[in-house]
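Letters A, B, C and D mark the chains as written, and numbering starts fresh at 1 in each.
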Amino acid sequence: MKILYFAWLKAKLQMTEEVVSCSDERRDTDSLVRWMKKRGPAFEEVFSDLEVVRIAVNQEYITGNTTLSEGDEIAFFPPVTGG
Amino acid sequence: MKILYFAWLKAKLQMTEEVVSCSDERRDTDSLVRWMKKRGPAFEEVFSDLEVVRIAVNQEYITGNTTLSEGDEIAFFPPVTGG
Amino acid sequence: MIRVQREKFDIGAEIEALTTGRTDIGAVVSFTGLVRDFNDGNKVTGLSLEHYPGMTERELAKIEDEARGRWDIQECLIIHRHGKMALGEPIVLVVTASPHRRDAFEAAHFLMDWLKTKAPFWKQEMNASGEVNWVNERESDLEAAKRWSSDT
Amino acid sequence: MIRVQREKFDIGAEIEALTTGRTDIGAVVSFTGLVRDFNDGNKVTGLSLEHYPGMTERELAKIEDEARGRWDIQECLIIHRHGKMALGEPIVLVVTASPHRRDAFEAAHFLMDWLKTKAPFWKQEMNASGEVNWVNERESDLEAAKRWSSDT
């Protein structure tokens, strides 16, 4: 699965994208977020307040927990501020 | 007083403007309209339905009866359709 | 700013002139009214607009003042043409500039709705058979203008 | 029509392109968002916009479809820039064309309000001391977007 980070999430994690395999501990968006939080202080901080993190799977916003599979594109980003 | 006519009022009366003196029978807009109606068939027709005639005195819309004096500019025209 | 003229106008140039060199404007809304080939179910081939010189400018200025009083607008432009116009030509342009998009949108919409029922312009439409007819006042325009009255 | 680009755009040319040769359009509304020297009480000296290529276009297309479903619009254009922008430069352009002014106005306002809360763009502001800050989401933008939800 491809993971993308945007705006201040990208800056804090110092990463624009990465590839992780789909596994039992990353089978859906809820478990992916739990896994993220345990990756270190920067990740813990970024995912500490999920109110300010939006999640898109395959370029569509998701709200509830969403099943993931190999080949999916998951993006984490803050509330949008364009226009 | 200067009297101006616009749009279909102008076309029906075949007149764009005229000058009439301020007198007792044309002392205010109500009496002016009464006087107009008596000037002949075209005037009678034009002023028969006051719902579709707007009146401006000195380039301001009026709604109620308005006193007139020499030097005033009175305009009669249909509801506006610009824009 | 009010302009009543026979000549066509350039929408882009007018917007540009209003904003060039300024960095305090966040939102610009423009409305352009064009001569349409259809009105109230009838084919239209051309338009002619008569107006009341003097009163037109006064009424437009009053409408602009009203908009400036109601919304936070930095710039406001109304251009209205008179005389003969071909299909597709612009008739009227309203441009508003504001720090905020809602003010720019609402002020422009208001200016058009009030202008439609207050500014002394009268349209004559030509149809395919060469007939010329005065355009009737529209109930929907009166309703649209009224919408802004209940705000006060 | 959706365009996401780095380059500046010409508002007048875009409006012109949408309407030239057509005689069925009665009303054209444009909204332009510009880089302002002030935001939330802070002096701003420049802007940088990041976006999510691919998802941006999808979201904008969805917003356009929604507008076309809700209003009678003949043409609809959204241009949104990304990258660095100087003060006074245009960021976003929305143009709607309709036979009726109300549809053109409401659709353009809707497109901006939804775009603001849905399209994946993120602003970074530079201030006078050279600091760069991510712009925060605004409560007023959420409220503005919600206004159109209660319509359905």
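Following the convention adopted for this analysis, a residue touches a chain if its C-beta (ideal position, glycine included) is under 8 Å from a C-beta of that chain, and two chains touch if they have at least 3 such contacts.
Nothing here was measured: the structure is a model prediction, and the numbers come from that model.
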Subassemblies held together by touching, subunit C left out: A, D | B
item	value
Partner chains that subunit B and subunit C have in common	none
Whole-Å gap separating subunit A and subunit D, where each centre is the average of the chain's CA atoms	26
Between subunit A and subunit C, centroid-to-centroid distance (C-alpha), Å	49
Centroid spacing, where centroids are CA-atom means, of subunit A and subunit B in whole angstrom	73
Whole-Å separation of chain centres (CA-atom averages), subunit C against subunit D	23
Numbers and ranges of subunit B residues touching at least 2 other chains	83
Per-residue overlap in subunit C, given as positions that touch at least 2 other chains	33, 101, 112
Full enumeration of touching chain pairs	A-D, B-C, C-D
Complex interface listing, subunit D residues touching subunit A	33, 49-52, 54-55, 58, 80, 91-92, 112, 115-124, 134-138, 141
Subunit A residues within the subunit D interface of the complex	4, 6-8, 56, 59-61, 75, 77-83
Residues on subunit D engaged by subunit C in the complex (per definition of touch)	10-13, 15-16, 19-38, 87-88, 99, 101-102, 104-105, 108-109, 112, 144
